[in-house]
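Provided herewith is a single structure, encoded as structure tokens, for subsequent inquiry.
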Amino acid sequence: MRKIINDPVKVVADALRGLAAAHPGLRVDLEAGIVVRADAPRSGKVGLVSGGGSGHEPLHVGFVGHGMLDAACPGEVFTSPVPDQILAATAAVDGGAGVLHIVKNYTGDVLNFRLAADFAKDDEDIEVATVVVDDDVAVQDSTYTAGRRGTGATLFVEKIAGALAEEGAPLEAVAAVAREVNERTRSFGVALSPCTVPAAGRPTFELDPGEMELGIGIHGEPGRERVKAGSANEIVTAALTAIDADMPLRGSDTLVLVNGMGGTPLLEQYVAYGVASSWLADHGVTVARSLVGPYVTSLEMAGCMISVCRLTPELLRLWDAPVQTPALRWGR
Amino acid sequence: MNASDFAAWIRRAAELVTADAERLTALDAAIGDGDHGLNLARGFGAAVTALDGLPAGTTPGKVLIGAGRAIVSKTGGASGPLYGTALRRAGKTLGDAAEPDAAALGTALRAALDGVRELGGAGEGDKTMVDALAAAVTAYETAVDGGAGLPAAARAAATGAAEGAEATVPMVARKGRASYLGPRSAGHLDPGAASTVLLLRALADVTGGEG
Amino acid sequence: MRKIINDPVKVVADALRGLAAAHPGLRVDLEAGIVVRADAPRSGKVGLVSGGGSGHEPLHVGFVGHGMLDAACPGEVFTSPVPDQILAATAAVDGGAGVLHIVKNYTGDVLNFRLAADFAKDDEDIEVATVVVDDDVAVQDSTYTAGRRGTGATLFVEKIAGALAEEGAPLEAVAAVAREVNERTRSFGVALSPCTVPAAGRPTFELDPGEMELGIGIHGEPGRERVKAGSANEIVTAALTAIDADMPLRGSDTLVLVNGMGGTPLLEQYVAYGVASSWLADHGVTVARSLVGPYVTSLEMAGCMISVCRLTPELLRLWDAPVQTPALRWGR
Amino acid sequence: MNASDFAAWIRRAAELVTADAERLTALDAAIGDGDHGLNLARGFGAAVTALDGLPAGTTPGKVLIGAGRAIVSKTGGASGPLYGTALRRAGKTLGDAAEPDAAALGTALRAALDGVRELGGAGEGDKTMVDALAAAVTAYETAVDGGAGLPAAARAAATGAAEGAEATVPMVARKGRASYLGPRSAGHLDPGAASTVLLLRALADVTGGEG
């Protein structure tokens, strides 16, 4: 294991201690296992809570702050948080206008957030709305399956819903825009290496340097298909073709994320973005805004994921609104 | 079975999942995210701690509800809410009974299965813990219907769970993380089904049922 | 090779194409191989030019923009830029107030920047001042050696000198503050894995998972010493002890960078920052500002580097001044 | 040697560094950053292109200056400015001579060495290209002083360079990237010294000197 850790089973708590020290604008409650905006709860403002397994940083803890999340509940590495955590976060950010749970579509996250929402409503009388993010086109969507995974769209949902909540919009409106962003976003990822969960101590799968996994998620799991490792052109084209097949892009104004999975240098992420930008131009797609970097990671996995959101003028306006979090910041 | 037998069941289950944590995690690494053993060791560890806090003279129902709550609170992942809900449902079904008989335990086990089904939405054949649990409950009920006592029925349930788990190997997953792999999920034992076998084996162990 | 590239020898040009597409606020001249602020040259403003081998992204190209660099000249991977590039960048940002070259202390960078400065003065009549950054305490400083390497301090120098230049200060003042930041900063790095230069195609060195390299630079080179891989406590303590031995920290107000080398998850970087923050508190050192993330990388190397700058009130003021670049942004 | 002999030297040097690029890069990976062969292949490739652009009837001096400029402009790294400066200095020293003799070339080689020393600040024993180049120049001068013609002197220089390079193996580097390794730099051949051997061997090859 090539890791900077003390105790493999305390890595999340140790990281939260570092996060607390590094960001005085966050309130980190190690006991409850939650990260909260220092100024929460804000009376009359809808609270935004997200969370999931750790190992995807900066998602979610790095997106807590003005214009984005009010709280995050980090679970153990790649393991959803537990209802107690989610409930504590929900109670901490409720300013009387209700709380939106932003949940990536993994059975564990969905179930734990569902139980927490039940507790919040039943025991604490907090109004909770839930949006489930499921943007990954590598997985077939069907009512008979667990459905698509939530990946890169989560960042878009948190930013855009966060901007609307900051303006004082009511819970239904914030939930509606969150769902709209999710519905308008598709993602596809590729892995060139596995990663190692500290507590497990060995890579999540084996992959020869000459191979790659197409259609991965963000939990170090293998993808839908293993193929010969391809060039940047092949990787990006595979991702964008899959996205475009699911949600035709031609003629759209888009927001594009080229996301490093954790172990791919930024240099290569820019190579990938260069290819993506040409592909999109060639296919009649306008890129209104873009983001290149490791935003939704899978520990030190090598690879990248591409997310494309078909914007509306209102979504663009909300994307551009000021945001001040550890990992995403502009306008203040 | 009285309250301390139920507590012994939970303790034994904690022992078994902890001893087998590496294997469960390895099964999960193959078609999931490689944390199932870690999750259950943490969750059942918390359940054992919760049992220590129960007052003397508690009921079997309260034992299961307390263990279930702790598992929901500490496990995380998909298995935490599912197993936690299973135990809580079973506990609620037992009501105030001080020493449920074989039939009462059967009703509780079926309630546990229903709880898992409702919360997770999986049916048999979806390659989840439901395959093992459903087979276990059916085997238990068949044994009781055939006149078996609680120990023998528990052993039948453990055997049924093992068969149900084994049957998940060729299945293509339709629920949980393994479903993301599509056809690549076939050929692997479902980790949640494997842990369900341990939970039923723990029941057989503490009731001393012969196979 | 687990890389997202097309042609290994064109990776820098391909990445610059992506950078240009992603950041309309930058002017990328692929022919000249330079990245320039869209509003350069600004009349009367000192121009800041830095550069060096590629593979350290976001350094330097990601630090071009308001309040930081006016231009960057990226060389081939881990290879200093050539004088023509540097000269083109210098000419592109000269607004009549002279240009500051910020050069990391590597023979190749120093020599190429020196030739470029000579050309700029002799042929183009541009006033050039040079600050050489050499903050790495792993290397012994002596007039008989190449001296210390430039690493994390480069970010501090570029940010703080950039802020002063933005205020309209003259070249001597900007150069002086750049030198002051360099003199007040020390760094030390640790590697847990090597990295692979695309054109070379194989790792820069071999390292067993149970080993680590102490005292590394940022070019995939081995460190001063190979030891058994240590815990986060051991790694961070080794780094801070080396820094403190060279420049006693007790009683100082500091700016601290815990820098991921490229292949270490952010989660682990926060673990490292947590340890650093405790160590510093225990040793009577105040952390006024901090930064945690992969800012000065060595491709996909696993490991981290710690940089500590002993602030003055003026340096803190300049650090806090608004900055708007692809990789560092606040206040606007 | 006339202008086309000098051009042939540069072309031959480009061939040799390109053919040996992998070895040079591997030497650099051991104690530097693993790009020396890549740098020189790029730089000397550019020098060859620059030669193609020189007018007919050019002088040896202009050949070396043109090649040196191209190397400075395209190589990057430490070796680009150093080798480029070496060639430019040598070219300037040759002046307008149409066919410099053995002594004139000796003066130019010494000027090249001085140029590298001034720009890089390294002396003999610092484990750099200076060790190979200084040994080559001394061997060349000794041969000429002993009455050798240009071909034999060039061969002596190549042999001297090889000896000088070999001598870098036990040294602890005090300049360039290898110096960051401290004592760990000992036991490795300096990549720049190794490439200097190729440049002198190219000279011997095109002048046809026997060893």
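The chains carry the letters A, B, C and D, assigned in the order they are written, with residues numbered from 1 in each.
Here is the rule we go by: contacts are C-beta pairs under 8 Å (C-beta built on N, C-alpha and C of every residue); 3 or more make two chains touch, one makes a residue touch a chain.
Just so it is clear, the structure is predicted and the values come from calculations on it, not from any experiment.
Engineer: Distance from the CA centroid of subunit B to that of subunit D, rounded to the nearest Å?
Structural biologist: The mean C-alpha positions of subunit B and subunit D differ by 75 Å.
Engineer: Taking each chain's centre as its mean C-alpha position, how far apart are subunit B and subunit C in Å?
Structural biologist: Going by mean C-alpha positions, subunit B sits 55 Å from subunit C.
Engineer: Please compute the C-alpha centroid of subunit C, do the same for subunit D, then give the distance between them in whole Å.
Structural biologist: One centre to the other, that is 32 Å.
Engineer: Can you list the residues of subunit C that touch 2 or more other chains?
Structural biologist: Residues 77 of subunit C each touch two or more of the other chains.
Engineer: Using the touch rule from the top of the page, what residues of subunit D touch 2 or more other chains?
Structural biologist: Answer for subunit D, listing residues that touch two or more other chains: there are none.
Engineer: Work through the pairs of chains, note which ones touch, and then classify the graph as line, ring, star, complete or other.
Structural biologist: line
Engineer: Give every touching pair of chains, nothing left out.
Structural biologist: Here the touching pairs of chains are A-B, A-C, C-D.
Engineer: Give the list of subunit C residues in touch with subunit A in this complex.
Structural biologist: Touch list, subunit C to subunit A: 1-6, 11-12, 14-22, 54-55, 57-58, 62, 77, 192-193, 195, 209, 229, 231-233, 235, 258, 262-277, 287, 290, 292, 294, 297, 299-300, 302-304, 324, 329-332.
Engineer: For subunit B, which residues count as touching subunit A in their complex?
Structural biologist: That would be residues 25, 29, 32-35, 38-39, 42, 72-82, 119-120, 174-177, 179-182, 184 of subunit B.
Engineer: For the complex, give me every residue of subunit A touching subunit B.
Structural biologist: 9, 53, 75-84, 106-108, 111-112, 114-115, 138-140, 144-146, 149, 197, 199-200, 204-205, 217, 219-222, 224-225
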